[in-house]
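Every chain is named by a letter (A, B and C) in the order it is written, and numbering of its residues begins at 1.
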Amino acid sequence: MPVLLAPDQAPALHELLEQANVAGLDCKPADSDDKPEPRIRGLGSLSSAGPSEISFLSNPKLHGQLLECRAAAVIMTEAAFQALPEGDYPYRIVLCSQPYLMYALLAQWFDQHRLRGLERGIHPSAVIAPSAVIGEGVSIGPLCVVEEGVSIGKGSRLGPGCIVGANSRIGSDCLLHARVTLYHGVKIGDRAILHSGCVLGADGFGFAPDPRADTGAWAKIAQIGGVSIGNDVEIGANTTVDRGALEDTVLGNGVKLDNQIMIGHNVRVGDHTAMAACVGVAGSTVIGARCTIAGAAMLSGHLVLGDDVHVSGGTAITSSIAKPGRYTGVYPFAEHTLWQRNAAVLAQLAQLRRRLKALETTKS
Amino acid sequence: MPVLLAPDQAPALHELLEQANVAGLDCKPADSDDKPEPRIRGLGSLSSAGPSEISFLSNPKLHGQLLECRAAAVIMTEAAFQALPEGDYPYRIVLCSQPYLMYALLAQWFDQHRLRGLERGIHPSAVIAPSAVIGEGVSIGPLCVVEEGVSIGKGSRLGPGCIVGANSRIGSDCLLHARVTLYHGVKIGDRAILHSGCVLGADGFGFAPDPRADTGAWAKIAQIGGVSIGNDVEIGANTTVDRGALEDTVLGNGVKLDNQIMIGHNVRVGDHTAMAACVGVAGSTVIGARCTIAGAAMLSGHLVLGDDVHVSGGTAITSSIAKPGRYTGVYPFAEHTLWQRNAAVLAQLAQLRRRLKALETTKS
Amino acid sequence: MPVLLAPDQAPALHELLEQANVAGLDCKPADSDDKPEPRIRGLGSLSSAGPSEISFLSNPKLHGQLLECRAAAVIMTEAAFQALPEGDYPYRIVLCSQPYLMYALLAQWFDQHRLRGLERGIHPSAVIAPSAVIGEGVSIGPLCVVEEGVSIGKGSRLGPGCIVGANSRIGSDCLLHARVTLYHGVKIGDRAILHSGCVLGADGFGFAPDPRADTGAWAKIAQIGGVSIGNDVEIGANTTVDRGALEDTVLGNGVKLDNQIMIGHNVRVGDHTAMAACVGVAGSTVIGARCTIAGAAMLSGHLVLGDDVHVSGGTAITSSIAKPGRYTGVYPFAEHTLWQRNAAVLAQLAQLRRRLKALETTKS
């Protein structure tokens, strides 16, 4: 953790665990541990955490790092604790059934601590339409623009330079980082996290051939649908979610989108589906719940993917998938000359198959 | 259509058709139709349009939906009308030779209606250089920056937070949505539509090795060309068009670019060529007129693509293409284990070919 | 060069060469040249440079263009000069051991000339926290936001609409073009060039499964690391570099990133490595020094690439690479029907290999 809390702001270990553990995990210091209770100034990995930081073991392969760890406290499972050789470790041991989830909660606690330190309120340089309805405790940063008919639910924060288009609706306790752009008519549920540069509600890409204008000319199909986003959604930096042609583009509850993802118009994404960076989903495709789409995968338009479909990175999905499972289509890389030699054969595959068939026939 | 017009703003059917049909299509209510004329509050698909909306049939496969459609009016071809079983349909029938194009025009009408309702004028928070030349009826939103020497043609609108760099030139009747960025020396024709987050005129990626500075170090090749864009161009959200190294990067008339496209320096794109989202075109490539490049395709640098070339989604174009047609190069996806088994053979293809050849030789 | 200097601002040839040649290249007008010294208003390619522009020959294949070139002066190697047929060329000849590097320096000179003409100072519309430390000669454009605890080194310029998050640190002589976004805790060295729309320090994409909340639900792993960037780094338009989960994401000295690149959390990139547009690097991958990653390549997470590794465009790197060299994995494109025929065989490759093996066995 590059910046540690000042010592007078650092909580005692038990305070930190109580405050962070909103999920009610089974998590407490090991009984056998009689070291004095440390104050915790930060959170770090096993190999980097210093003597005022808490750490965690979630990946069993890193168990050996427990021997050298210099942290103030380490979260681990009962099993990891039992496997620890006897010895004098400098850290307090915290037993937890789900160390990785507990790590997530601790990181949230430290980030919330930082956020609580920020000024709140509505900055005088923000340009806010008189008809906008701003909930209690809302924070609007410098140089934001909030247009007519917008509503922003209680406790939401807009970083500097956000733009909220006319008649858009933001739920409560949302966090819009600097420079988020919502077009008009974009609806966002509660507790959304939107990152800088994301654009929600730009026009979908729709054109009708208009040969009267010129050979090959296109007439714009104005996009008069909107965007509708559930609760607990996170959208990464410079990701774009286009508005629907006639109806809304829809992201379900708990959807997580990384950076530089493109969601085309009319797409529907089911609850808790997560997509890694650089994914593209073309128009009108419907994706089920609890899917994962790995980085730089591409989905063609007008497909239907069922629930629990997992797409590997860099894979082009060009037809619908009903069956849960993992799907892949990536050209394996190799040293360039080796690739070159083998790739040249790709243009003859059908012919090779025929030749093989011919040999088989003559043989029999 | 998520938001309907207020009833007192809704045009009568014939008014709507007259006002929308700027293309002069053959389009009129069916003579045999004696239903009272409805007022039209919105536009929807056959399956979703309600009793105050107009709809259309452009895809013959959806003809069956005409039986259940609850719209106020439906646009269809004479042939679709003739194929409609006798019955008492709740909608007025509008005959049109090109229902899809008419749909585009109707959607434009509704979007224009919304735009006409917006405030116009130059917002006092915009920072505009004294030397900028602003045409009649231009709208400049809050917190825009217009630098020295810029000219903006009549009737153009800039949404909130746009930045127009020094000596750039925007034609008339352009629509820049919120937060469009033009560097200096970017020229844009008339009727452009630019979406949020797009960046025109950033430096092309050019470096000369500079071993004097350090092993492997690069000297920047400053990019002193510009960007030149024709009329009727649309550019999607977060798309980037780099400035040329010495001359301009050029987009022709009627070019349509979707979101998150990258156009490298010195690229030239011919009239009416359309590219779907996430396409990348590397530097100095020249693309003809009326091409279509589907989503996430990638074009290497210094290529020449002729007119009427169509590139499939996810395809890497690594050499020039003179002949019109459709070109593809996508690894077909499969269930992961099946893919794994077959992909492993790719590294042996050249060897397999040799072995096959050997068998053929011994046989003969 | 789309815009030429006014004649009274154009330097004489020897002045330009002296001022531009900061690298101390061996570069001087050919002795045998007794033409009057021109004033140089611009820089152009051999085929486009006019009689007030300087040009250069770096690619030997273009030697023939010297015969028709109308430039005021041309930079070339001694060898190119010797190979030039006798004749009366309109241009002065400048001999240089590295014409391409000299071209880079000349382009820099012209761009610096433009930059020097811009207003400097801190625009009154910028919102700057009282605790920010602003170095000597710093320029901050209109509508920037500089938050608490920021420091900006001497001579750096921020274009309009930049946002610098709390406690971030920008070195000296940096150039941030319009609308660059830094989150809190982002450190940037000296002489950086950051392009519009780039976002440094957004949250990495990290989630822990949280089945207590809902089947398939995710708990956010707040990202409490930062971003740390060396000297002489350039980052392209709409590129994103995420902050680390616990430690910093790191770009070394001299790293060059093109547009729309995605660098995931915890990634480390070695000195002088360059990446072309649309590259994605997933979390925790470590890339060595002096690598080049061509456009739209994708690197999976948790890999290690050594120094001097060169990845071809569109290639998916899915495992670590220790050995320097060039690596490729691209599906070769073809006319669509040809591709279709051959691609269909990919799903049977393992089977084809077995059949071939069977034939070989029976034959022997």
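Note that in this section a contact is a pair of C-beta atoms (placed from the backbone, for glycine too) under 8 Å apart; a residue touches a chain by one contact, two chains touch by 3 or more.
For reference, the UniProt names are A, B, C = UDP-3-O-acylglucosamine N-acyltransferase.
These figures come from a predicted structure and were not determined experimentally.
S.K.: For the copies subunit A and subunit C, give the interface type as same if over half of its residue numbers appear on both sides, and as different if under half do.
M.R.: Interface between subunit A and subunit C is built from largely different residues.
S.K.: Mind checking the rotation angle between the two copies, subunit A and subunit B? C-alpha superposition, nearest 5 degrees is fine.
M.R.: So the angle, rounded to a multiple of 5, is 120 degrees.
S.K.: Would you kindly tell me how far, in whole Å, the mean C-alpha position of subunit C lies from that of subunit A?
M.R.: 27
S.K.: Pull out every residue in subunit C that's touching 2 or more other chains.
M.R.: As it turns out, subunit C has residues touching two or more other chains at 125, 143, 161, 179, 197, 238, 260, 278, 330-332, 334, 343-344, 346, 348-349, 352, 356, 359, 363.
S.K.: With touch defined as at the start, can you tell me which subunit A residues reach subunit C in the complex?
M.R.: 1-3, 23-24, 42-45, 48, 98, 100-101, 103-105, 107-108, 110-112, 114, 118, 123, 125, 141-143, 159-161, 177-179, 193, 195-197, 232, 234, 236-238, 253-254, 256, 258-260, 271-272, 274, 276-278, 289-290, 295-296, 313-314, 330-336, 339-340, 343-344, 346-350, 352-353, 356, 359-360, 363
S.K.: Once bound in the complex, which stretches of subunit C touch subunit A?
M.R.: Subunit C reaches subunit A through residues 125, 127, 143, 145, 147, 161, 163, 165-167, 179, 181, 183-185, 197, 199, 202-203, 205-210, 212-226, 238, 240, 242, 244-248, 260, 262, 264, 278, 280, 282, 298, 300, 311-312, 315-318, 325-332, 334, 338, 341-346, 348-349, 352, 355-356, 359, 362-363.
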